[in-house]
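Got a structure for you, written out below as structure tokens; questions coming shortly.
First chain written, first letter: the chains are A, B, C and D, and each begins at residue 1.
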Amino acid sequence: MEYRRLGRTGLQLSALSYGAWVTFGRQVGRSDAREIMALAYDRGVNFFDNAETYNAGDAERLMGDVLADLRFPRDSYCVSSKVFFGGTTHPKPTQRGLSRKHVTEACHQALQRLRVDYLDLYFCHRADPDTPIAETVWAMDALIRQGKVLYWGTSEWTADEIAEAHDVAQTEHLHAPSMEQPQYNLLHRERVEIEYEPLYERYGMGTTIWSPLASGLLTGKYNDGVPNDSRLGHPDFAWLRDRLLNDGGAGLKSVRKLAAIAGDLGMSLTQLALVWCLKNPNVSTVMLGASRKSQLEDNLGAIDHLSKLDDATMYRIDQALQ
Amino acid sequence: MEYRRLGRTGLQLSALSYGAWVTFGRQVGRSDAREIMALAYDRGVNFFDNAETYNAGDAERLMGDVLADLRFPRDSYCVSSKVFFGGTTHPKPTQRGLSRKHVTEACHQALQRLRVDYLDLYFCHRADPDTPIAETVWAMDALIRQGKVLYWGTSEWTADEIAEAHDVAQTEHLHAPSMEQPQYNLLHRERVEIEYEPLYERYGMGTTIWSPLASGLLTGKYNDGVPNDSRLGHPDFAWLRDRLLNDGGAGLKSVRKLAAIAGDLGMSLTQLALVWCLKNPNVSTVMLGASRKSQLEDNLGAIDHLSKLDDATMYRIDQALQ
Amino acid sequence: MEYRRLGRTGLQLSALSYGAWVTFGRQVGRSDAREIMALAYDRGVNFFDNAETYNAGDAERLMGDVLADLRFPRDSYCVSSKVFFGGTTHPKPTQRGLSRKHVTEACHQALQRLRVDYLDLYFCHRADPDTPIAETVWAMDALIRQGKVLYWGTSEWTADEIAEAHDVAQTEHLHAPSMEQPQYNLLHRERVEIEYEPLYERYGMGTTIWSPLASGLLTGKYNDGVPNDSRLGHPDFAWLRDRLLNDGGAGLKSVRKLAAIAGDLGMSLTQLALVWCLKNPNVSTVMLGASRKSQLEDNLGAIDHLSKLDDATMYRIDQALQ
Amino acid sequence: MEYRRLGRTGLQLSALSYGAWVTFGRQVGRSDAREIMALAYDRGVNFFDNAETYNAGDAERLMGDVLADLRFPRDSYCVSSKVFFGGTTHPKPTQRGLSRKHVTEACHQALQRLRVDYLDLYFCHRADPDTPIAETVWAMDALIRQGKVLYWGTSEWTADEIAEAHDVAQTEHLHAPSMEQPQYNLLHRERVEIEYEPLYERYGMGTTIWSPLASGLLTGKYNDGVPNDSRLGHPDFAWLRDRLLNDGGAGLKSVRKLAAIAGDLGMSLTQLALVWCLKNPNVSTVMLGASRKSQLEDNLGAIDHLSKLDDATMYRIDQALQ
């Protein structure tokens, strides 16, 4: 495994990490989760991502049970949570958002569900237009000073919102956000490559990438339609299916070209999509969401192909995407 | 129920909330309190107001028992206390005021009486001329950093005193007050509408309104004299009776006109008085003090009439008050 | 009892308070201490002063036992400790002074001996030329933020040293010292009246006065020599006896004149000496050190004579001291 | 024993202290460690140095057992740890370096191994090019505010790195480093005497010296070759042996001249080497690493010869080193 600093922090994350998002507590049950996390850790993965909202808290409960069961030394891995959407199906007004009340209570709840004494990373899952950024920065700083959180960050905030958080932190002598968790993949590049550009140098922000496979589109499995047993075949993800596949076929066309490149390089399209993210030096880690052990094995194998993405290949990829 | 941000904070309070003030532990006993709070919560009320001085601590003890009994999720509601007058009948010199000693000890005592780990809101019940505002701001900030209080505020401070608290907080990098708890109703408007005007925009202060019914005067129940079983009929409130009814009848005359407007709009005078407060965008929540379940039902129903107070009606109300 | 603010803080101390200094654990044993403290509290005394060094920790242990026994409500009184000389007979190099290590450890030890969760007042018993003032200010501030101390102060520091502590606190946003514990009495006035003058207005410092009776000289009991059973008759206080009585008789001559004035006013010399201290508006409290209940009764009675010290009498006293 | 302030702090350390480095848990077992520490404490040593990496945590475990066994009063001595290299043989990426995660976790682990509630001194064992200095300063400050560390410092950082730490601390109102732990001895002088020169006056840094005997070279025991049972005879120290003895013999030649000077002064070469370090006023303490009680006795005896190093002798020593 390769390790990278989380932005300019001193924290070293595995280049490939594991996220519980849509799978934990839904497709993935206790024994599968145990196998998956054991395999990931064994191969050097040291960051396990989670959020209060993933399956209404069940993803954290499941991960907490597995962590307690597997007994990895606490200092050998990182675990995260995210706050914003609430940890229940129908959150009440005080049970969501980025108020000091919810940021604080959600942290305590995540610690209980994950069965740890502190979160290594704690994200604001979205920006909250109904809470001043200063209130959230103060609340995050307090959690860090109390030892309940080590690094805090944002997810899908605009560059301006992140800059404001840094301004508040500097003025008030508080801990600033250290990382962003943006969507980033071959089909979704603008925010990470353009909008966030000033944040890396100026604030030393790192990024923990979600959806590196564009919800499976970059595995090529939808090239010939949506199978019933896939995530996009599930009724809950109808909206995602519509968004991904109904663009007049441009997306799928690019995907087929990329598959050809991957084939030429002796790797799967999935692996190409993953290592392509890692070519970006501002990417700290790419989160995998595999729901099966074999799938995870394949994903983790991607790291061995990183060196194949030389300048010529990167150019060829850009051409395929135009 | 409608929810509003507490000023510019991220905390969403129900537009109508419940205060234990004169009733808890006096007119209202354990089983009534249980029924009232259950009803309020059921209808969406998420803020329960209290103070160390309400019935010398008994109002907090009663609310704490009921909260423990009803087991609302802790993150679904807010509870407050207030410090200044002391939590006993005859407080000693160190048992009242806004010194760091009393602010700190009163918080710990309120947490015990209310049986919670932290107060969502903690108010300075009055300004204390014998304590520097800076000392109180430092003490409140310490409680917030220790996780014992989420938001602190003032009650019936002058606008200048509140501004000074904000100045200290800014200079020393401390948590500033987030809210005021002023008296506000159709008969008592100046402080909230004029004196505090600069505070809303400049500091983002919210307000939690007490006495929206002018101690019952705006229910119309004193229009024909003071019944023995009303609050004003109680010997302890003789001073209030004198103040409210002995103004040469001008107050009662206005009240009768308002009752007519309410009738025209198909609501009770009480409901008119409550929603009138909510028309002020700087009002975060209006605290109800109902001592009977049926009364609370009627009060909570007011929210449905809010839209009836259009510009023409508001003008008619102002005319009635002149 | 009269109560006064501790300087500009919000803390109200009884004008007469009680100090354990030379008596506790030496002349005064458990049952006497219990009687004395019960009487003092009953008469309105709300400040009990102590120090790590008083009888090598035994004065604190005794006071802690009595406090636990008498069960005064914790918020109704104040208790102090002081750090510098060490809490053992022969302190090692790290067991004395004002280093962060000793300031912190001495606080924890005082809390254990006094059997309380926090000290209301915590004094630096002397200035420490071998510790930067900044280090001590940081250490005191940390104890206040941790809730282990409410107010910190100094004892017998120079005005310049106190001013430096305030400068550090202002620059670094830390809690500044709130009070000084100086010696002050009819025969020892310069520091409190002249050297400290700028501190009261500029920093709002309060003072807790020790030795208001000049080690007994102002009781008049040494007017005819030193009795064997008095403090000055004890071999440990030979140095004090020498200093007080060997000034060519000038001190004793003044004392005899003061006794005459007291007689004219219908009070004892002791009472005159005590209330004279209280005439100084910068005196927050005068600490009594009575070792017998009857003596304490007499001392506490002084407060009733305060109004007798009018301008003419104060002038007459100044004349007697020249 | 002589005591010195740790730089400008108020902490008084014994001029000679004891370090567990290469010996504890390797040459020195439980009963020897007990004897050595008892003797050192008995002779006035009040600082016991350790690090997470010394024998992969075993040196701290052994010292913790002995401290628990000997029951020295906690306020009568100082104990340290150091963070950087990790507390296991093969640390994972998050288990080493100066990230907030590792600095915090390593502190908690050292407290457990040493069986104490706080570290008196906590060092960054090396500078970490992969962590911003600001992150480490914030993490150290948090540990001090939480009461888990009293003073933090660096070991073998460059003067520029140390200055940057002070700049961050001043700007952000954090605790700055108080001490450096550099190598310093007759054969290795430049860093302490020249590079660090500005740090003493400007920042009040103290120094805790390691390797005062140049890994045994200054005991003279290698003058005639390397014995098998010496540290340099151990395979693990082959690299050190090569470095020390393969300089064309210049080092050994100087050592023989110094031995002659020591003989003239009536002390051993070892003792000369130790007291020579103490002649430098910027040296706070010199750490001994004796693995045998008799050796420690001899080392501690050095302090009695300190006064013999007058100006003429210091000149003679400098000549011998040229």
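Just so we're on the same page, contacts are C-beta pairs under 8 Å (C-beta built on N, C-alpha and C of every residue); 3 or more make two chains touch, one makes a residue touch a chain.
Chains and their UniProt names: A, B, C, D = Voltage-dependent potassium channel beta subunit.
Everything numeric in this text was worked out from a predicted model, so none of it was measured.
Within the contact network of the assembly, the step distance from chain A to chain C comes to 2. Common partners of chain A and chain D, by the touch rule above, are absent. Of all residue numbers used at the contact between chain B and chain C, under half are used by both chains, marking a mostly different-residue interface. Ranked by separation of Cα centres from chain D, the top chain is B.
Chain B and chain D have Cα centroids separated by 62 Å. Chain C and chain D have centres, each the mean of its CA atoms, that are 44 Å apart.
Counting only residues that touch two or more partner chains, chain D has 145, 173. Within the complex, the chain B residues that touch chain C are 92-95, 97-102, 104-106, 109, 128, 130-132, 135-136, 138, 142, 145-146, 172-173.
Those residues of chain A lying in contact with chain D across their complex are 3, 5, 8-12, 14, 46, 73-78, 120, 144-145, 147, 150-151, 173, 175, 204.
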